[in-house]
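See the structures that follow.
The following pair of complexes shares a single chain, chain A, combined with chain B in the former and chain C in the latter.
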Partner chain A sequence: MKRMYQIYKTCMKANIASAITYRVNFILNSLIMLIGNVLFPLVTVFIYNSNASFEGWTFKEALLIQSVFILSTACAGIFFNGIMWNTMSHVVEGTLEVVLIKPTSSLFLLLARSFEFESIGLLGGGVVMFVYALSGIDGMTIGSWFLFLLLFGAGLLVMFGVALIVAAISFKWVANSRLPEMFESIKSFGRYPGTIFPKAVVAVSSFLFPVSMIAYFPASTLIGRWEAYFFIAIIPCALFAAFGIWLYTYMLRSYKSAGG
Partner chain B sequence: MDIITVKNLTKQYEAYHRGQDAKSVFKSLFHREKSIITSVEDLSFSVGKGEIIGILGPNGAGKSTTIKMLTGVLYPTSGEINVLGYNPHKQKNQYVKQIGVLFGQKSQLIWDIPPLDSFYMNKEIYDIPTNDFRTRLDRFVSMFEIGDIITKPTRTLSLGERMKCEFIMAMLHSPPVVFLDEPTIGLDVIAKQRIREFIKQMNQEGTTFILTTHDLEDVERLVQRVLIIHQGKKVYDDKFSELRLHLGAKKMVRLSAATTIGDIDLPGTLISERISDYEVELEIDTDQCKMGEFLHILSEKVEILDISIKEIQIEKIISSIYEMDIG
Partner chain C sequence: MFEKIKHRFRVMRAVAFVTYKEWSAYRTHSMVSIFVGPVYFLVQYYIWSAVYSGESSINGMSLSQMLSYFCATMLINYLTMDFADWNLQMLIRTGKFITFSLRPMNHMFYALSQKAGHRVLGLLFEFIPCFMIFFFIFHIDVLPANLLYAMLSIAMAFMMNFFIHYSIGMVAFWMVQSSSIRNFFSLCEGIFSGSLIPLVFFPKSLQLASFFLPFQYTTFLPAMVYTGSYTLADITLPIPQVLLLQLVAVIIAGIVCRVLYAVSLKHFTGVGA
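Let's look at the complex of A and B:
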């Protein structure tokens, strides 16, 4: 465990050093990522300023959901989304051998090398928005904070699973860079309060493709507006992650048996 | 004592292909023609401790595929591999700690940061004790004389400088066996010389090297044994010193004459290149025609201005082996 921590720490430092090497590129990427992701909360501002609303949700409650979405996206970007591009790049260029010859789990090493510091700007923006949203809301307790963290973690598991599934598919369907865009479209359902959707969409986004766990469930739980099925939805999140790990490992074996 | 044993190794994989016309391209959207490619077929060989063996073969012969199976990067379709008592693909994590690998066309260095950072990353991945790491790193940096470049971003280094750093990456954890896949590709004469000296030095200290190369000077200067693969099959496996003798005792003769050189009708003699009417290059099989006898008969046929006699070039021997498929 200590060795894995040391490997991760060294890879993280190398990735940060790589990112900072191109300073202007790093600053621009961080800003663009931040600006791109705060546009939709701006739409929420405009909606509420024009006396419309998400029924049953105050402006700050709606903003809270969207800030948690940004925080989730930022964490995913920092810690594991990069494995999709890393894997695709290695498969297309035929350079996965340099990872496969190392005496550690290839999946772990690729994850460690996928640490992306550029999402730090988005994380900062998300924290600011989160704090601002919370400033106008009551109902938080120590218990709700604990449950929030539990569900936030479950939301990260969904995104982790999807990142691995997309990366795994790239072994077979080489250079298929449009798959992450498809997921982003589905993920966008998680930005809004689930109560505005029809029951069928709620069911799908809770249990089949649990994107509601990315923001809506954790944010609602934090302010005491949780339902029992939020916690049942942790199971499909864990299954997503487990399937992603299994599929990636299986495809890695297929790569080795297919001649690269 | 053999530390590498390969028995009946075979690798097959599926390949898709289509025609060039528009109809074929459109058809490939729905259905692709598939064929089974056998890149390595029934390959068997062994390597002793401390050897340097060269794996040669034309492009697509199966050299790199063999190296990839030996390093555990690819699974064999059938056959057995044993390296230092390990099965490369069943005991991967323990096995790869014992080997170093250098892919001439694929870099282990991180492009944007100095090689030194990549070395430290390898230190953690291979769990190299700090004192051992510093001692080895200092030694290798000194041997290659690259102390002033390992703190510069990798992308700013020349190919030769990068290749020296790649060697350090492969050797830092002190592996007893090192696989080199075309290690001198694209390097200039000086860089190649440095790398060959490094390999010889490490070999003298006990490291076993298996290298694939198209550079026959690497073969002549480094390897003790040659394994030639052609169309996935082993066609030659013996000492390098035996390679020249394998096709008979041939010599190359370059002849300049004052008169036109016609056909030379002597047993064991072949005009390999007619440079002009007055200058030719000949291949003489001295088993069939002794050199003295050849020169005597030649001097009666033509007025010799200049003559040079050399060993047959290694390229010709290996080309002949590719063509003749001698087992």
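Let's look at the complex of A and C:
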């Protein structure tokens, strides 16, 4: 365990050092991510400015869902989303052997190398928006915060599962840089209040491809609108992540190289 | 003069054809849009259906106009999509750009020809299938209000997108890592092009500013021409005038891009390829 911690720390340091090599680029990128994500809910802002709304949701409640989505995306970006691009690049260039021969778990090593400091800007943008949206939410308790953290963690499991599934597919569907886009499009169902979608879509996004857990469910607990099925949906989230790990490990074992 | 144009056309056709063949090997990249486009549209459909519940019109647009608008922006994007900036900065950073000084054609024209070939692929594997899905499955009115006007506007959007992206790519002649500038530009493009939300939802001052920014000419304006009416900042223009406005914007962008190209070439130093 201590050895794994050391490896992870070394990879983190290497990523930070590499990010700050081009300081101006890094700072600008982080700032752009921050601004870009503060502007991300522009559609919601303009909808509410036009005297329209998502029925039953105040502006700040709708914004809270989107800020939680950004926070989740930021955490995924920092800790594990990079595995998609790293795996794709290793498979295309035939350099995965370099990872496979290392005397540690290949999945762990690839995850450690996926640490992406640049997404810190995204996290900053998410926090700013989250705090702003919270200013319009009343009646939060320690219990609702606890439930929020529990569901937020489950949402991260979904993000983790998605990252691993995309990375695993890239072993077979080589060099398709648009692969993540397919999953991104499905994730966009989790950015908005679930009440605007028909029941069938809510069922799919809760239990089959549980993207509602990324933002809608956690944010709803803070607002005090949680329902029992939110917690049942934690099970498919855990299964989703487990499936991602199994699929990635399976594809890793069946990987055949043409040399790098 | 005529011979020169004919020769250039032949060169463009040859480069476009080779690019088409090259990218055909990765046609599944384009075919991802057949899944992604309709899924994003479904999300938009539910969002706007919820927003319009009890409202017949918001900012002068009805729900059906809004849905047609989003379909039009997606379809137009498949025909005009551009990544000349990424390509150019990669060539400059790796030093491969130096090989273009040995070729009997400038890189800008070469990149434009490549884009033409690449977008033919977009037409076959993105535009046509998504058009069918929107029209036959979602029953959205995606037929252009006037085919000729729509084609002219899309052709100009194609050029506009190229000039903007190529100009941004030229930043790499001055900066080793230009991804931040490109990201900043993508951010502005995402907001001001109208692909997120129609520009009529913006505050009046930003709507007015959009006339002087290059972004609306790539998405919002052609989408409005496609759907048959154009209003921005309370200014309603007949479509021929809108096309004229777009033409002026494209000419200005073209001149700026050409001047930047000439200046950039003087600045370029190759370090091997």
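One rule holds for everything that comes next: the second predicted complex is superposed on the first by the 244 of 260 C-alpha atoms of A that agree within 3 Å, B and C clash if a C-alpha of one lies under 4 Å from a C-alpha of the other, contacts with A are read in each partner's own complex, and residues count from 1 in each chain.
In the analysis below, a residue touches a chain if its C-beta (ideal position, glycine included) is under 8 Å from a C-beta of that chain, and two chains touch if they have at least 3 such contacts.
Fair warning: this is a prediction, and the values are worked out from it, not measured in the lab.
With chain A as the common reference for superposition, the partners chain B and chain C occupy compatible, non-clashing space. Look at A:101: by the touch rule set out above, it reaches chain B but stays clear of chain C. For chain A, the partner with contacts to more residues, out of chain B and chain C, is C. Judged by the touch definition given at the top, the superposed model places A:52 against chain C, while chain B stays out of reach.
Contact with both chain B and chain C is seen for A:22 once the two complexes are overlaid on the shared chain.
In the superposition on chain A, A:197 makes contact with chain C only, not with chain B. In the superposition on chain A, contact is made by A:7 with chain B only, not with chain C. Looking at the shared chain after the overlay, A:92 reaches neither chain B nor chain C. Of all Cα pairs spanning chain B and chain C in the superposition, the closest are 9 Å apart. In the superposition on chain A, the residues of chain A touched by chain B in one structure and by chain C in the other are 22. Put simply, chain B touches chain A in their complex at residues 11, 13-14, 37, 39, 65, 68, 71-75, 89, 92-94, 96-97, 99, 101, 103, 106-108, 110-113, 117-118, 120-121, 123-127, 153. Residues of chain A that touch chain C in their complex: 22, 24-26, 28-29, 32-33, 35-36, 39, 42-43, 46-47, 49-50, 52-55, 173, 175-179, 181-182, 184-186, 188-189, 192, 195-198, 201. By the touch criterion stated above, chain A contacts chain B in their complex at residues 3, 6-7, 9-11, 13-14, 17-18, 21-22, 94-95, 97-98, 100-105, 109, 253, 256-260. On chain C, the positions that touch chain A within their shared complex are 26, 28-29, 32, 35-36, 39-40, 43, 46-47, 49-53, 55, 58-59, 175-181, 183-184, 187, 190-191, 196-197, 201-203.
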